[in-house]
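Two complexes, one shared chain (chain A), two partners (chain B, chain C).
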Partner chain A sequence: MHPPTTLEISSQVIPLMATLMLVVQLLLIAQRMLLTNIRLFAIQSLLLSGIAAVVAFNYNASHVYVVAVLTFIGKVVFLPWLLNRLVHRIQIHQDVEPLLNAPSSMLICAALTLLGYSVTRPFTSLEKLGNNTLAIALALLLTGFFLMINRRKALTQVLALLTVENGVMLAAVALTTYGMPLVVELGIFFDVMVAVMVLGILVYRIRENFDSMDTGKLDQLKG
Partner chain B sequence: MLLTFALWAYVAGMAGALVLQRAERLANVLGFGLAALGGVCGVVFSVSSLAAGRAVTIAPVTLWSGPIPDVRLVVEADALSCFFVLIVSLVGLAISVFSLGYARTYYGRKNVGVLAAVFNALLLVTTLVFIAGNLWMFLIAWELMALLAYGMVSFEHEDREARQAGVLYFIMSHLDAACILLGFLMLAQAAGDFSFASLRGIGAKLSPQQRDAAFMLFVIGFGIKAGAVPLHIWLPVAHPVAPSNISALMSGVLIKTGIYGLVRVCFEFLGPPPMWWGASLLAAGTVSAVLGVLYALMEHDLKRLLAYHSIENIGIILMGIGAALMFLHTGHAVLASLALIAGLYHTINHAVFKALLFLGAGAVLHATHTRNMEEMGGLAKRMRWTSLFFLVGAVAISALPPLNGFVSEWLTYQSLLQGFGTTTSLVRLMFPLGGAMLALTGALAAACFVKAFGITFLAQPRSDHARNAHEASLPVLIGQGVLTAACVFLGLFPTAFLKLLDPLTQQLTGHQLSQQLTLANGLVLSDATAQGGTVSTLGITLMAVYLLPVPLALWAMFGRKARTRIAPTWDCGQRGLTPQMEYTATGFSKPLRMIFKALFRPRREVQREYDFSPYFATTLRFESHMEEVFQTRFYRPVNLWLLRLSRRLRALQAGSLQAYLIYVFITLVALLLFAS
Partner chain C sequence: MNLDPLNFLGQTLALLLLAPLLSGCIKNWKAKLQNRRGPRPWQVYFDIAKFLRKDMVISEHASWVFSFAPYVVFLTALLAGLMVPMINAPAPLRLFGGVLAVVGLLALGRFFLALGGLDPASAFGGMGSSREMTISAIAEPAMMLAIFTVAITAGSTDLSQIAQSTQSATWKLLNPAHVLAFAAMFVVLLAETGRIPVDNPATHLELTMIHEAMLLEYSGRYLAFMEWGASIKQLVLMTLLVNVFFPVGLAGPQASVAALGISLAAYLAKLLALSAVVVVVETTNAKMRLFRVPDLLSTAFVLAALALLSTFLFQ
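On to the complex of A and B.
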C-alpha cells in the first residue's frame, strides 16, 4: 500500500464533484422556490469551477485555470447576482409553477440519466477523468433541457439553460484532458453570458407587456 | 498577368465607385472606366492565350487557404476558361463604354456609385466562375453572382414589378445552386477532393445510376441558370426590369455560365456519356428554341421580347452541345468537335448580338421612356445610329448571312444533318427533326425581328414620347458600335475565329478542326467532310457588292424612261394618315397566333357599345390574353401544393415556447438513441 498520488486522488475527486453536480441538478428540479433555485445553480457552478481547477492543477494546463476563474466569476458570482436583482426588481411570485409535479419529474429525470449512461458507454475508455464524468455531463444536459420544458416562467427557463451549459462545459472538460481549446470555451462562455443578458432584458419586457412572466402567453404573438 | 490586372481593375472600379458614390459623375467615370479597362485586358489575355494554342494558361494557383484543411480558393485557366473569359470581357468592355453614357440617366435619381460598383463586382465574380479551379471558388463565385444579379434586378425597387421579379429570380437561383451543390458533392465524394483537377473523369468511378442522378442535377441546376425550357420562367421576368446595361450583361453573359457549367461537367467530369444525355439535351434545346421564339413573337415589350429570344438561343446552343454528346457516345469524335464548335460559336455570337440588342433597347427606352413597342415607331429618323446598330443585331440574331448568327447556325445544321448517319437506333430521327425545328426557329426569329425593328423604328411615331425622342449620347453609341463590329467580324471572318477554338476542342474532344473547316485560305467555311457543304459569308458579301452595279445598270438602261410621279400614300379615302392606321405589333403577330392557337390559347374580349347599329360603335373595348402554359399548367399547381403543405406544417408553429423546446428535445433524444 503506497500513499495515493495526486492523480489518483483527483480521479476520485472529479467524479465525486460531478455526481454532486447531478445531485444539485435534481434538487433544482424538485425545488419550487425561485431564490433557492438561483442559489442551487450557484452551487452547481462552484462545483464545475472546482472540477476545472483540479483538472488544471493535475495536468498543469494553465488555460484551464482561466476557465475555472471565469466560471467562478461569471456563474457563481455575477449571474446569480444579476438574476437575484431581477427577481427583486420585478417582484414576482416565488413559486416556480412547474408543469409536472415533482415525483413524475424525478422519474423522467431518472430515465434521462439512464439514457445518458447508456449512450456514453462506448466512450468510457476515452475519458481521462474517471468513468462517469461524461455520462453525468450528458445527464446534466438532458435533465437541464427537461427543466427548461417543465418551467413556465422565463426566468426559470434561463436558469435551466444555464445548467445545460454547465453540462456542456463538464463534457468539454471530461472528454478531452485539457479541455477544449481556450478559444472555444471562451466562445461558449460569452455566448451564454450574452444570452442571459438578452433574456434578462426580454423577461423584463415580457413582464411589462403581459403583466406576467409566463412564456405560454407568448402565443398571443402568433400571426 | 494580364488577367490579374483585369481582376484588379474590377476590384478597383468596385471600390472606387463605392467610395465616390457621393460624386456621381466621378463614380460613373471611374467605375465604368476601370471596368472597360479590365475588359480590354481580359480580351487581350484570352485571345492571346487561345491564339497561342495553349491548353493550360494558368496552372492552379491557391488564392487563399483557410484554417480547415481542404478549404482553399483555387483559380486556374484552361482553354475553356479562356474562351468564356473572352465572352465576359468583350461584352463587359462594350457594356462599360455604353454605361458611361447610360448611367447619366440615373443622376440624381438613383445611386450611380452602387450601380457601377455592382457592375464591376458582377464582372469580377463572373470571371472568377470561369477561372475557378476548385469547388469552393466556383460555388462561392456562383452564389455571389446570383446575389449581385438579384440586387440589380431589383435595382429600381420602387417598381413593384421589379421587386417581384427579384424574388422570383432569387428563388430560382437558390434552386439551381442547390442542385449544382448536390451534384458536385456527389462527384467530390467519389474524388475525395474538391479541386477540378481531381474531378476530371471522376464519373468513371461512380455507378451508372449515380452518374445519371448527378447528370440530372447538373442539367436542372445549370438549365435554370441558362434559362432552358421549362426552367425558364424567371428569365423573361427578371431580365427586362433590370437597368438596360445589366440586362445586356445578364442576357449576354450571365446565362452563359450555365452553358459553361454544362460543358465543363459533361465533357470533363462525368466521363463517357450515355446516349440519353445528349439526346435529352438536344430535345430540351429544340423545345427551348421553338418555344422561346414563339413566345417572343407574342411579346410587345421590347426587352421581354429580347429576353424570350435568349431562351431561343440558349436552345440552339444546347442543340449543338447535346449533339456533340451524342456523337461522343457513338464514337464520332470529329463530328462531336464540329457540333461543340457550333454550340460554342453560337454562345459567343449570342453574347455579342444579344448584348447589342439590349443596349439598343436601352437607348430606345431612355429616349421614349417606355418598353411597350406599340408606343414607339418612327425612331429610325430620330435615332439614326441606334437604329442602324439595332438592325445589324436583328439581322445577326435572325441568322441571315453574312452576319455571325448565320455562321453558327449553319454549323449547327451541318452537324445535325450529318448526325442521321451516325447511329442506327431510332434516336437518329432526332437529328433531322432538330434540324427542321432549327429552320423553323430561324424563320420565326426573322419574322419576330421584322416586327421588332419595323414597329419600333419605322413608320410614324405612335406616341408623344416617340415623337420627341432624340439620339443617344456618344458613349452609348460607341458601346453599341463595338458590339456591331464584333458581329460583323465574327460573321465575315469565321475561319479566323475558329483557329481560337482549336485548343478548346483539343481539350474537350481531342481534335483540332480549324484546318478541316477552312478551305481556300480561310475564305470558305466547310463542314469538315469530303462531300459536305461549304459556305463563305465573305463571298456572299463580296458577291453582293460586285453585283450592285447590275441593278444600277438596269435602272440606267430602262428605269429612266419610266415617269416619276410624287403623290401622298393612298389612305383609303380617309383624310391623311395617322399613327392609328399603322400596323400594330399585335396585328403583325396575329397570323402566327392563330397558327399556334393550341399553344398560346388566345382569349379575346370585345365589348362594343352602339346606339342604333353595330357598325357605328360609340365605344369599343378590346382585350386579348394568352395563357402562359408553363405557368398555369406546371408552376402554379406546384406552387399551390407547396402553399397547402406549408399551411399544414404551420400547425407545428404553436406559438408555445414549451412546444418548441419539446421538438428540440425529442429530436435530441431520438438522435442519441439512434446513434447509440
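On to the complex of A and C.
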C-alpha cells in the first residue's frame, strides 16, 4: 500500500466533511432548543470553513483561504455570539411546535435530499476535487428553505437563512474554485452578515411589539 | 470451508464472559462520571451467579411461554453473536447466515421478550412490551438500512466478508456513506440496548421504564438468563458497530497466534472506546419523553436511508 498523496486525502476529506454538514443540518431540523440550534449552525460553518481551507491548500488559491478565514470569524465566532446574545435578551429558549412534526419533516427532508442528489447526478464526476459535494450543497439549500417554512419563530428562520447560505457557499467553494472572484464572495459574505444583524434587530422589535416571535401573528395590522 | 472448533469455542466463551464485564464497565464508568463510586466492573458476574442459585417465583397465570422466553432470548443473542466476526474474521457461524440472519435472530429474541412480558398479565409487563415493539418498529428498519449500506459497498451480506473488504480496501478514510450509516447505527444501538435518551437501564420501578418493565415478573434463573441475554445482545450490537465500520486489526482466516493477540487487543480497545462514548452520551443527556423517542429514531432512519442513497453518489 503506497502512502496516500495529499490529493487523495483531500478528495476523501472533502466529501466526508460535506456529509457531516448534511448530518448537522438534519439534526438542526430535529432539534428545537434555540441555543443548541445556534451551536449546531456554528459546527456546520466550522466544517464549511474546513472544506474551504482544504480546497485552498490543494489549488494553492489564496483567495479561498480568505473565504475560509472569513467564514470562521464571521459564522463560527461572530454570528453565533450575536444570536446567543439575542436569545438571552429576548428570553425565549425553545421554538414552539413546528408546523409539521419531527418524523414527517425528517421524511420530507430526506425526499428533498434525494431530489438534490438526482438533479445534480449529471454534473458529478470524480475528475475534479469535491465535485460530488454539489449534491450536498443543493440538499442544504432545499432543506434550509424547508426549515424556514416549517418554523414559526423569527430567530429560527434567520438560522435557516444562514444554513441556506452555507449551502450556497459550499457549492461556490467546492465546485467553482476559480470561477467565483473574491469580490463576489466578499459581497455575498457581507450581505449575509448585514442581513443577520438587521434581522436580529427586527426580531427584537417583533418580540417587543407583539410579545412573541411567532411570525404567524404578523399578518394582523396594528395601529 | 469447515467449522473451526477452536474458533467456535473461543468466540462462544468470549461472548459469554465478555458481555457481563462490558455491562459492568459501562455501569462503573457512568457512576464515576457522576461522582459516585459505583459497583465494581465484575459485579455483574456475581449478580448472575446469585440469580442462578435463587428460587423462582412464577405467577400462577403464566403459561409455558413465560418459561420458554428466557432461553429463547439468551440463545438468539448468542447465535447472532456467533455470526458476527469478533476477533477472527471468518465468524464461526458465517455459513449459516449474514446480516439478515443476525437481524432476524435479534428480532426473534425481542418477540419472545415481549411475549414474556405480556404472559403473566401484569400491567407493567404489557406496557413495557407495547413500548418495546413501538420503538423497535422504527429502530429495526434503520438498522437494516444502515447495514445494507455497508453491504452494498462490500458486495456481500456476509458480515465476515464485509469486515474484510472494508479492511483490505486501498487507503481510505471513512466513506461518507459509512459516516451516515454509523450515525444511524449508533442511535439504534442506544435504542436497542435501552440506553438513556430512549430508556433508563438503572430504573426498576418507574412509569417510564421499557426493558425493565418486561423483566419485572422474572426472578431467579430466568432473570439471570434474561439479564445475561440482554448484555450479550449489547455486546453483539457493539461488535457489529466496531468491527463492520472500523475493522482495524481484525485477524484474517489463517492468522497466527500473535495476529490473534493483536486483533484481541485492538478489539477490546475499540469496544472500550465505544463504551466510553455511550457513557458520555448517557451522562450528558436526559431521558426523552416516550412520545419524543420516535423523533430521534426517525432521524436515525432518515440518516440510514440517506446513507444508502449516498453509496450511489460517492462510489
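Please note the rule applied: the second predicted complex is superposed on the first by the 210 of 223 C-alpha atoms of A that agree within 3 Å, B and C clash if a C-alpha of one lies under 4 Å from a C-alpha of the other, contacts with A are read in each partner's own complex, and residues count from 1 in each chain.
To be clear about the criterion, a residue touches a chain if its C-beta (ideal position, glycine included) is under 8 Å from a C-beta of that chain, and two chains touch if they have at least 3 such contacts.
Source: prediction; values computed, not measured.
Novice: Based on the superposition on chain A, does the combination of chain B and chain C result in a clash or a fit?
Specialist: With chain A aligned, chain B clears chain C, so fit.
Novice: Have a look at where A:Ala102 lands relative to chain B and chain C in the superposition and call it first, second, both or neither.
Specialist: second
Novice: Should A:Ala18 be classified as contacting the first partner (chain B), the second (chain C), both, or neither?
Specialist: In the superposition, A:Ala18 touches chain C alone.
Novice: Let me test your reading of the model: by the given contact rule, A:Ile73 touches which partner, first (chain B), second (chain C), both or neither?
Specialist: neither
Novice: State whether A:Glu8 touches chain B only (first), chain C only (second), both chains, or neither.
Specialist: second
Novice: Which partner does A:Gln157 reach: the first (chain B), the second (chain C), both, or neither?
Specialist: A:Gln157: touches chain B, not chain C.
Novice: Considering only touches as defined above, state whether A:Ala135 meets chain B (first), chain C (second), both or neither.
Specialist: In the superposed model, A:Ala135 contacts chain C only, not chain B.
Novice: In the overlay of the two complexes, what angle sits at the CA centre of chain A between those of chain B and chain C, given in steps of 10 degrees?
Specialist: Apex at chain A; the opening toward chain B and chain C is 150 degrees.
Novice: By the touch definition at the top of the document, which applies to A:Met148: first (chain B), second (chain C), both, or neither?
Specialist: The answer is first: A:Met148 touches chain B but not chain C.
Novice: Name the contact category of A:Leu202: first (chain B only), second (chain C only), both, or neither.
Specialist: It touches nothing on chain B or chain C.
Novice: Applying the touch criterion given at the start, work out whether A:Pro122 contacts chain B, chain C, both or neither, answering first, second, both or neither.
Specialist: So A:Pro122 only meets chain B here.
Novice: Using the superposition described at the top, determine whether chain B or chain C touches more residues of chain A.
Specialist: C
Novice: Rounded to the nearest angstrom, what is the minimum C-alpha distance from chain B to chain C in the superposition?
Specialist: Distance of closest C-alpha approach: 17 Å.
Novice: Take the contacts of chain A with chain B and those with chain C, and give the residues found in both.
Specialist: Common to the two interfaces on chain A: residues 121.
Novice: Help me check something: in the complex, which residues belonging to chain C touch chain A?
Specialist: 170-174, 176-177, 179-180, 183, 292, 294-296, 298-299, 301-303, 305-306, 309-310, 313-314
Novice: Which residues of chain A touch chain C in the complex?
Specialist: 1-4, 8-9, 12-13, 15-16, 18-20, 22-23, 26-27, 30, 101-103, 106-107, 109-110, 113-114, 117, 121, 124, 132, 135
Novice: Could you please specify the touching residues of chain A with respect to chain B in the complex?
Specialist: Per the touch definition, chain A meets chain B at residues 99, 112, 115, 118-119, 121-122, 142, 145-146, 148-149, 152, 157, 215-216, 218-222.
Novice: For chain B, which residues count as touching chain A in their complex?
Specialist: Of all residues in chain B, those touching chain A are 653-658, 661-662, 664-665, 668-669, 672-673, 675-676.
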